[in-house]
Amino acid sequence: MSGPLAVRDVAGRIARDIPDGAYVNLGIGLPTLVADCVGEDKEVVYHSENGILGMGPAPAPGEEDPELINAGKQPVTLLPGGAFFHHTDAFLMMRGGHVDVTVLGAFQVSETGDLANWATDDATHPPAVGGAMDLAVGAKRVLVLTTHTTRSGEPKLLPRCTYPLTAAGVVDRVYTDLAVLDVTDSGFLVREMVAGLTREDLQGRTAAQLAFADDVAVLEPGQRE
Amino acid sequence: MSGPLAVRDVAGRIARDIPDGAYVNLGIGLPTLVADCVGEDKEVVYHSENGILGMGPAPAPGEEDPELINAGKQPVTLLPGGAFFHHTDAFLMMRGGHVDVTVLGAFQVSETGDLANWATDDATHPPAVGGAMDLAVGAKRVLVLTTHTTRSGEPKLLPRCTYPLTAAGVVDRVYTDLAVLDVTDSGFLVREMVAGLTREDLQGRTAAQLAFADDVAVLEPGQRE
Amino acid sequence: MIDKRVGSLADAVAGIEDGATVLVGGFGASGVPVELVHALLDQGTTDLTVVTNNAGSGETDVAALLRERRVRKIVCSYPRSAGSVWFEERWRAGEVELELVPQGTLSERMRAAAAGLGGFFTPTGADTRLAEGKEVRVIDGRRHVFEEPLPGDVALVRAARADRWGNLVYRTAARNFGPTMAAAAALTVVQVDEFVELGELDPEAIVTPGIFVDRVVRVGTA
Amino acid sequence: MIDKRVGSLADAVAGIEDGATVLVGGFGASGVPVELVHALLDQGTTDLTVVTNNAGSGETDVAALLRERRVRKIVCSYPRSAGSVWFEERWRAGEVELELVPQGTLSERMRAAAAGLGGFFTPTGADTRLAEGKEVRVIDGRRHVFEEPLPGDVALVRAARADRWGNLVYRTAARNFGPTMAAAAALTVVQVDEFVELGELDPEAIVTPGIFVDRVVRVGTA
């Protein structure tokens, strides 16, 4: 087995790092895949910026409540123990360090943990930021789920972001289709790599300088736990 | 009929100025007398700093709920339509201009509407401020209930307060046992006086310079409306 | 006698003036006071500053205000969605001003207005383009941006039930911006699905106490 | 599996360290977590900074902490009441430091800590003795005081009911400082009258979501 992981496999890898009992906010889009991969042996409370704790899975077709949606505006459900609250309280939780883990997508991540995930240089569409900045500055642990490079092969892990920042110095760990990397005081530290990839290959697809842990593990295709 | 009014009569006079439908916060102590004097033709919603809207009268003996108290720590009741909320929201209401009228006691009021009602020069007791400052700066209309002079005859209406301020420039109207006075841009303006008192008498018991309305009315002993 | 119930949508929005800053509740399609916004549209009110999380979608509510050129400025966090065609068209043509605010800051700025505060320092947005021109202060070793209160002349809110005092409860995630906006405006107008008798709402569970509410109107549900 | 319930008052306060800043709920005698404070007393924890609206009365809770000389400093709004004998005694002797804070500012400072804000400007206290030494700024023509966030190492809170996730509801005006303090501390410990099953509390009516709560202990009611 070798080569880049499918995004669902990366989500599965992230799921392994979500602790039992954690309060978790998953960013819009691909990060929501993580919830599908967290094993049933763990009880995780999902937070949504629009005032929900204890979000459950998508409702059965025909059971949707148009008011009960997640941050991505998709219908969700509420688990027993869940609660509703208003937006200002939802962001108090996010900004105030009450969310244990957030998983966010990224256009770029810098070696100092800067995150760029809300805007590119595209001026033809209006800018939109949503709750990304609040989550990025506030969550206790910020995990990034992204491809290692853009579709056209441009590196996303950089010495400095070139796109507008979401927040500076906030990313703790990056999970790509090729590797798991911690953001440390001395830059990116590779913890895991997919099988069949050399360190030189990985560095070649990364604009930032990489360091490698003593015990780099094989990044296994994710599985439902 | 003449001479100073009893405090209950002053409270009755204030009650006449509480509009139907008003949200009202009554300060600790004598101001709470006002609620007893508001006529039943008016529906007034009483707010308490400890998180109550729609406070009703004191409970019957034996019916007290030790948790359901007002700002003065006296047992109260809740009317239909009343609501409980937390302290921060209670003060959001007070500071944010949501309370229409507050009635506060005073040690001193200045001709510019400064209020001193929380501390004297007594250094033998610890200082205590409670919610007085928030109410004074935040209520839409600040009414003061006080005697015109101290027990020893010292004036309480002054060019400038000598006691520590609760807030500057906040008092709208003062109701004393001798007169009703508006705080205007040019100082105290007497609106009503008790019968049998001359303007000179009133000025003699007031350190601030008084102006008199064209139509100074007789301050009638308060009655239950 | 307090009775904040009004009999029609037209009465509910009566007196809202051209040039007003209007806080419009809702997140995506959840909790949007659609009928109130349409009543404002029908009334002809224009030159509005609209504060709302998204910038409308399709042809209804805020999108309709934009289509009909009633909006001078939008203050929001996320004006880009699949159906935000009218916002994009007006924005591209330079016909509507956009003030982009991080979502938590948007909500917190309205709360600051509701609470009578003069502003606050937040770490959100520090070191970003959205902090440009704003005061930055290092507090406890971290960069913070100063944000000003954001009051509304009017708030349009959707709730589930109200009594004649204007006490409100909401339904699931439709609560979103409602409680904060209701508290942050000089005139708060609420559409509800149902009126209940005074005393029917549990005092422990009232989400927006009537002190924040000026008018409530019942809108028939399908 | 999340289960924040602990079996004893001793377990509830275990690990609270000397020198901690402890937020203690309650207003007068309403909503005071008496048994938790006594457990802290029994545990011997000392050199505390106590943040609480009043400074205790009689011989129980905060008054007992003061009597036993466990309190280095009190941050409160109203330390003077008929029974605040121990506070007055310790204060007169210079044995306890007092930081007097207007009540709304006290609550708002804790909320700012809960919300991850760096501080705020408030008109409350401007032009008064309590603004001395503080930054003053004129905003919108009005003088405001800058106030800093006030976080707790620990919050001790009393609520009515909790489930195993730590979701809380309160009873009448005993709610007071509870929700704000619960959100403002690194470790939040709650005493309740009753445990309920997960899902039993109405999600529309939960006042303190469990995200703010670390430990809940049931205390027998008379």
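Per-chain residue numbering starts at 1, and chain names A, B, C and D are given in the order in which the chains are listed.
Definition applied: contacts are C-beta pairs under 8 Å (C-beta built on N, C-alpha and C of every residue); 3 or more make two chains touch, one makes a residue touch a chain.
Everything quoted here is computed from the prediction, not taken from an experiment.
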Q) So which one's got more C-beta contacts, B-C or A-C? A) A-C
Q) Where the centres are mean C-alpha positions, what is the separation of subunit B from subunit C, in Å? A) 35
Q | subunit B and subunit D, separation of their C-alpha mean positions in angstrom | A | 30
Q) Just curious, how far off is subunit B from subunit A if you go by their C-alpha centres, in Å? A) 56
Q: Hunt down the residues of subunit D that sit against at least two other chains at once, touch-wise.
A: 108, 111, 115-117, 122-123, 170-172, 203-204, 207
Q) On subunit A, where are the residues touching two or more other chains? A) 78, 84-85, 91, 95, 137-138
Q.
Per the touch rule above, enumerate the chain pairs that touch, sorted by label.
A. A-C, A-D, B-C, B-D, C-D
Q: Would you mind writing out the residues of subunit B in touch with subunit C in their complex?
A: 20-21, 23, 43, 45, 47, 53-54, 78, 80-85, 91-93, 95-99, 137-138
**Q.** subunit C to subunit D touching residues, read off their complex
**A.** 108, 112, 115-123, 137, 139-140, 142, 144, 169-172, 202-205, 207
**Q.** In the complex with subunit C, residue positions of subunit A that touch it
**A.** 48-52, 65-69, 73, 78, 84-88, 91, 94-95, 114, 119, 124-134, 137-138, 164-168
Q: Spell out the part of subunit C that touches subunit A in their complex, as residue ranges.
A: 27-31, 53, 55, 77-81, 87-88, 91-92, 98, 100-105, 107-108, 110-111, 122-130, 143, 170-180, 207
Q | Residues of subunit D that touch subunit A when the two form their complex | A | 1-2, 111, 113-117, 163-165, 167, 183, 198-199, 201, 203-204, 206, 209-212
